[in-house]
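Chain lettering (A, B, C and D) follows the sequence in which the chains are written, and residue indices restart at 1 in each chain.
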Amino acid sequence: MSELIDKLVNELRSKNYNVSREKGRIKVKVALENFVEVVKKLKNMGIDHVKSLTAIDYPSEGRIKVNYILGSYSTKELYETIIIVSLDLSRDSPSLPSLAKMFPSIIYQERECYEMLGIEFKGHDDLRHLLLSSEDFTDVHPLRKEFKIEEEGIMA
Amino acid sequence: MNILSQILEIILNRSVIAAVIVPGVLTALVLVILIIWVERKIAARVQMRIGPLYVTRRLGGILQLVADAIRFLVSEPIVPATTDKLFYVMMPILLLLLSLLPVAVVPASQSLIVIKTEYGLLAFIALAAITPMVIMLAGWASNNKFSYIGGLREGFMLLSYEVYLFMSLLAIAILYGTLDFIRIINSQEGFWGILLNPIAALSFFIAMLTSTSRFPFEIPDAESEIVMGPFTEYNSIMYGLVMGANYFRLYVLSLVFTDVFLGGWLLPFKIPIPNFVITIAKTFIVMIVAVFLRAVYPRYRIDQALVIGWEKLFPLASLSVLISVLLKGVGI
Amino acid sequence: MIDVVGHLKAIFTAVKYLFLRPITVKYPEERLKKPKNYRGVILLDMKKCIHCSLCARICPAAAIKMYKHKDGKLYPGLDYSRCIFCGFCIDICPSFALSHDKFHEVVTSNLKDMKVTPTQTLEFLRKNEERLKEIEPKIR
Amino acid sequence: MSSKEKTITIFYGPQHPASGHMRIILEVDGDVVIKADPDIGYVHRGIEKLAEHKTYFQVIPMVERQCLPDAAHHNLAYVLALEELLGIEAPERAQYLRTLLAEINRIASHLYGMGLHGVSIGSSTAYMWCFGLREYMLILAEKLTGARITYSYIIPGGVRRDIPQGFSQDVERYLRLFERKMRDLDKLFISNPVTKARLEGVGVLPKEEAIKLGVVGPVLRASGVEYDVRRVRPYAAYPWIDFEIAVKKEGDSYARLLVRVKEIEESIKIIRQVLKDLPDGSILHERYMKLLPPRLKEYVTNTGLVKFPGVFATMKVPKGEGIGSVEAGRGELIYHLISNGESKPYRLKISTPSFRNLILFSHLIKDVKVADVPAIYLSLDYFPPEADR
């Protein structure tokens, strides 16, 4: 692990964020109010794109967990590291600030997340439906757990 | 008896034979059907495929095109509601007729010519210049965005290729000091036009490719870009006519190429076959070369084709005129 | 400048291929030889079956269903309209009751015939093979 | 269109001959595109949702089906994520076999993209050639796995089959033939002056822009970023294998084509290396081998065909999250798998390369000719079903 990553981790730790570190991965758990600040800090340290935006619905706990998987193309030392920033949102009216201005690579991922789980990204210019038809799926969010699929048994 | 002999006289009239059989409608039809088959077979071979096969298997699927033509004939013609119906239906027919019309002044042998005129070359240029207009009109009448763009492209291409098409013919006219096809051919005894002025031949050949939208200049009806260009909305027999018209045009231009650059029916040695057969055979070879390029090239973009036309071929065609003038000056 | 060499190379390569043999296989008159262990249709040996229904449990496409046979035991039957030929059922079968055949072009005249009950598996294969024999394929 | 409008809107797809299962809404002024807005979702099948209703094993064939030309990589990425959850690593021989299939598949996938790219600029020969040559790779994959495209070859803890007898010789024979034909393809299509004229300087993506937009795969490398997951986060047998990363600086459509050609050459090298260095040993992890009854264990070692232990049908996976990332044919592919300790995934997020490259449509297709739209679109090797999932 290079010095740059050490520095990055230390900086995040110094602000009392919940940072854990495994081989090639840095996990940062943040609260909603610190979210933008942490991402800005990461961006200043060379993180330049979002690889994946995963949102997970936990109906029993009343929360939706959002994972951002971030990476860097511009800094060679950071190539192998992926940074996972995660935060919890309330399930009833989940909303968080959009990163589309900071990382254009997230524009379509946020649009997908919006239609699939109903998370509102504040500040996104173009929050339309992407994959699903906007007529049939207004206020229906397929990746939430209450959306069920029929299953078959193994008997004929 | 009198009427019968009159009818016979009309039928056996050389002009009528020229119009109906050689080099007119019938030859054109047979050659077009053959050339489409050859085109598909050549493309298939280069692409490590077999090509048309199952219709008349023993002959390598040569009747495939007849089967296709029958399919075009019997499928239901649909006229889209948004088109300008009169023009929409009229254009394919007009296109077919006008594509074949220039053949009227082009000879297949000493006497097989519909209209014998001293100004054959001029008449040919005038008649050949009409078809692109019809294509543009067809695109316009379809009232479709792709047709519209395709029609515009045809217009742009027209502006570029007509110039060097005419200039290369001008070079020939200067070279032989005549506009009469038969005299041009007769002057090529011993030395074909392509050897005297290869640059004119090259620019005429490329103009031929461009005007019949062959690869690499298949621009007005580029499938992956604008679906079928001006002919997007055409279907069944109307599309069949449009497609046939394109090949008719290729045939006529190849015939002119043969007459002007390949010495028409002249051969460096003597063989006992009729003159028109030699002409038609040469024409067919020119057509094969033109369609063979489909298997070799992608297509140019329209601006590139225009640049090639104006910056490369226009000077080249001018050069060919200059060569003709020089050759004339030297006294050949 | 015009890249004359490039043009000529392209044209000559194309001319060269005019005289080479096509690589097309004229299916269905000819067909490629299927390798050993090709994952084709699935055969059931009812004598070997131990009625564990693991195949039905792992089937990703829910194509395998357990049928109650005359002897009161469960045997797997396969719905070819769903089967994706992944071969998981064969690999999980602990008693080698299921196996692949190289044959894979399943065609029936209606959708219902695609459902093959445990007793029909061999018959199903034979019917399909006979249909193919009419064409008499050459194997290349 | 009324005569007052200056621009016209073209729906480039989904019925357009070169669009694939998507559409781009183009605003066109004459022959120049002013604005492009991709509209996707025509082949959305909800794989992420379906995965929550299938057992871990049943998901394997399903994830392959989102990108058929590139099935092995989807298979591999999913299994890597799953193995991280299970806390196992496949034995070395299995790792090499995974690499073998992945590289065979990469060649097939690149040829697929190149063929479509060729026909998009009018070269039907390129299309037929690439698909014909791809057949060689499919035959090899068929010999190895028993299926032509949907391999389902890689399973947690190893692979399903050992290489068949005489496979190395077959591979060598086909590779030689393949290389010879590739040289002709180069003369006929790749170095064809018209191809160059059509692709050079078209759809230029500068390095900074590529980084900012977070694009992946050959598109990224054609813009001069030397990022290849095989190198930066090595998986399978890549840590032990020597290969070059294809990089170009130009960032245009032609550079993307050349990067693919170069990667095909590298893949051939990798396949040869794998077959040369292939270590001996088991192809299934010890933990699962142990579960097999002796009769089946013997069968596996004798025939090289893996038998699954019964536990695979209803495998429970420890709670946690696993991330599998591979360099798929189209770029970095990430599977994010979350387990709650049940036999079915709690959530599966797939970040596919095509989806991440989607952003390029509105960026690259701007102020270009209509004729350049297919030349740019298909140079991205965008595969709609993969983006839609």
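Everything below uses one rule, namely that contacts are C-beta pairs under 8 Å (C-beta built on N, C-alpha and C of every residue); 3 or more make two chains touch, one makes a residue touch a chain.
Quick caveat: nothing in here was measured; it's all calculated off a predicted structure.
Asker: Trace the shortest sequence of touching chains from subunit A to subunit B and report its length in steps.
Answerer: The fewest touching-chain steps linking subunit A to subunit B number 2.
Asker: Return the chains shared as contacts by subunit C and subunit D, ordered by label.
Answerer: Neighbours common to subunit C and subunit D are A, B.
Asker: Where centres are the averaged C-alpha coordinates, which chain has the largest centre distance to subunit B?
Answerer: If we average the C-alpha coordinates per chain, A ends up farthest from subunit B.
Asker: Tell me which has more C-beta contacts between its two chains, A-D or A-C.
Answerer: Answer by contact count: A-D.
Asker: Please report how many Å separate the Cα centroid of subunit A from that of subunit D, as a whole number.
Answerer: The answer is 24 Å.
Asker: Per the centroid of Cα atoms for each chain, what is the distance between subunit B and subunit D, given in Å?
Answerer: So the centre of subunit B lies 45 Å away from the centre of subunit D.
Asker: In whole angstrom, how far does the Cα centroid of subunit B sit from the Cα centroid of subunit C?
Answerer: Chain centroid spacing, subunit B to subunit C, equals 50 Å.
Asker: Find every residue in subunit B that makes contact with two or more other chains and list them.
Answerer: 46-49, 295-297
Asker: Which residue numbers or ranges of subunit A touch two or more of the other chains?
Answerer: Residues of subunit A never touch two or more of the other chains.
Asker: Can you list every residue of subunit D that touches 2 or more other chains, as numbers and ranges?
Answerer: 125, 132, 188-189, 192
Asker: Taking the top-of-page definition of touch, could you list the pairs of chains it picks out?
Answerer: Chains touch in the following pairs: A-C, A-D, B-C, B-D, C-D.
Asker: List the residues on subunit D that touch subunit B in their complex, please.
Answerer: Contact set of subunit D toward subunit B: 1, 8-10, 16-18, 28, 30-31, 118-126, 128-129, 132, 188-189, 192, 194-195, 197-198, 369-374.
Asker: Spell out the residues on subunit C that touch subunit A in their complex, using ranges where they run on.
Answerer: Contact set of subunit C toward subunit A: 53, 56-57, 62, 64-68, 77.
Asker: Residues of subunit D touching subunit A in their complex?
Answerer: Residues 40-41, 44, 46, 48-50, 52-53, 210-215, 220, 225, 227, 232-233, 323, 325, 332, 334, 336, 338, 346-347, 349, 351, 355-356, 358-359, 388-389 of subunit D touch subunit A in their complex.
Asker: Can you tell me which positions in subunit B touch subunit D when the two form their complex?
Answerer: Residues of subunit B touching subunit D: 43, 46-49, 145-146, 148-149, 152-153, 215-216, 218-219, 222-227, 294-304.
Asker: Which bits of subunit C are touching subunit B when the two form their complex?
Answerer: Against subunit B, subunit C makes touches at 2, 10-11, 14, 17-18, 20, 22-24, 26.
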